[in-house]
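In the two assemblies presented below, chain A is common to both, partnered first by chain B and then by chain C.
Up next, the complex of A and B:
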């Protein structure tokens, strides 16, 4: 069988995406196991599809909603710090994976940050998929050993008199950081406050600023 | 010791061997298999920060044994200087991590 030689690409086809790379070892393994589970009637194709749909629907918008509520409702904050999973479910955020969520509050004395040294455990129900740097070996190795140096690289300087608590998310718990509410935001509504809360602040590698203007400067 | 409000139902599970604020040492063993106790805490001394529930033993779960074997989990906090001798000596920084009961011994 001969391959036609007139179409050895030196031009692009607009609107056509290149096929993905061939499956690697683990992707093939996952596909094989999934097909066996479906064949055996243990899960259905639709259930598998639905689970991916749920995973993809989660994002830091949900965590920000939780944080803004805790900033504006002291009773909710108490419940959130006592049982993170139950408080999130009050806001309609289901812990679809049975995760046990612990919320750590940043204060004037303590700054908290999260890492998973063993893999990439992350509070997916409230933050969605973890960023690439969170899964990176450098971050995982260094966050536990030299957190202040790592924070500086994120542009975050924590004063010496504030203790840093690093949480290694290595087993069954998942961690969400409740950042300090920035000064000068007393007039903002809960929704406006949620708009200030970023993903990285809820991982604890940065703090919440009273305005996002600085971040956007230079993008015009 | 105060275990109220920590989500621990002592009536339905076996009593925790350690209580909040107990000093504990992480066992320094190097078995072959799947473990969720990182090397950097083995042999180190910390303090029980919180008592958690009992969970399926990950060391068995990794090999398909999903039923019947649960182990008590704790959150243990360490002074950073205990883990990293070069850490700034005046710092109050901490590291907190989840450790299963069978990896702990009284310190």
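Up next, the complex of A and C:
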């Protein structure tokens, strides 16, 4: 066992991991609002705790499951493209935020990508929380103006003859991209296919490759 | 176009189509308070106490200086507080007393 030879603060460590101690200004503000609303009976501690559990339970693994099912089950794919929310709910993925999920399919003629120019609307129920770059000014400003240049920064080159459709999300409509199934994956199971599907491909800034090993992300 | 027209024709967060730098793909893990803040705003949206559109408007109303200097979840909580004041669900005094009480704990 290693004994730390130096401990330069004297507060107790009640939690398992270190939290902000003392709370900063904004963390205190959040706690103040939450406690006041709980005291007023408008929300409950349990709802807040439960929502943290829901946030923790959502990740791109769910979206990948949806994509792999659509690739292997044409009837499911039809339902998914007709009503994204309802099809996801078939797989037990609830749209907890009440927003409508719209799924756009990439084809040989069209490549789709998602942005939220105004803020950070994102299909959280199926992808979890958005990456920082999705919320930052650079992506939001440029995606609708020069999508091919933006895609290139993600290491993605879409042939000129393929149109690019950029979908600007809002509070009521969230988009998920159904990527092209890569060639050479005919022998894979649904579960193996799901393992190839990345978050960024479901946002539409990358494409799905037949193996996860070579990705060019970041090579602008 | 006059030099000030751009300030009025677009809200500070309405940036789609503007010029901007290369995308920074570095990601950071969510801080514990940020997750609590996210969950709180989700709960407020569920009850329509502060819905998503109101939260976004609240962020817009912070103005470009605050928007430019606060982090993402800092903007969210300040926006929510302002909307709650506007709706007279909370008062500045309540917040002041509660934050004082919290800072005196332990």
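A few remarks follow.
FYI, the second predicted complex is superposed on the first by the 185 of 220 C-alpha atoms of A that agree within 3 Å, B and C clash if a C-alpha of one lies under 4 Å from a C-alpha of the other, contacts with A are read in each partner's own complex, and residues count from 1 in each chain.
Keep in mind that, in the parts below, a contact is a pair of C-beta atoms (placed from the backbone, for glycine too) under 8 Å apart; a residue touches a chain by one contact, two chains touch by 3 or more.
Owing to the predicted nature of the structure, the values given are computational and were not obtained by experimental measurement.
When the shared chain is aligned, chain B and chain C each come close enough to touch A:168. Legend: residue contacts after superposition of the two complexes on their common chain; A:35 is shown touching chain C, with no touch to chain B. Of the two partner chains placed around the shared chain by superposition, chain B is the only one that A:83 touches, whereas chain C remains out of contact.
In the superposition on chain A, A:129 contacts chain C only, with no contact to chain B. In the superposition on chain A, A:117 contacts both chain B and chain C. Contact with neither chain B nor chain C is seen for A:74 once the two complexes are overlaid on the shared chain. Of the two partner chains placed by superposition, only chain C is touched by A:97; chain B is not. Of the two partner chains, chain B and chain C are each touched by A:145. Of the two partners, chain B and chain C, it is C that touches more residues of chain A.
Of the two partner chains placed around the shared chain by superposition, chain C is the only one that A:27 touches, whereas chain B remains out of contact. Shared interface residues of chain A (contacting chain B in one complex, chain C in the other): 117-118, 144-145, 168, 171. Residues of chain B that touch chain A in their complex: 5, 7, 36-38, 40, 52-53, 55, 58, 73, 75, 77, 83-84, 91-100. Across the interface of their complex, chain A is touched by residues 13-28, 30-33, 35-40, 42-47, 49, 51-53, 56, 59, 72-74, 77-78, 80-81, 84, 89-90, 94-95, 98-99, 102-103, 106 of chain C.
By the touch criterion given at the top, residues 82-83, 100, 117-118, 144-145, 147-148, 160, 163-173 of chain A touch chain B in their complex. By the touch criterion stated above, chain A contacts chain C in their complex at residues 19-20, 22-24, 26-37, 40, 42-43, 47-48, 51-52, 54-55, 96-98, 115, 117-121, 129, 131-133, 135-145, 150, 153-154, 168, 171, 217-218, 220.
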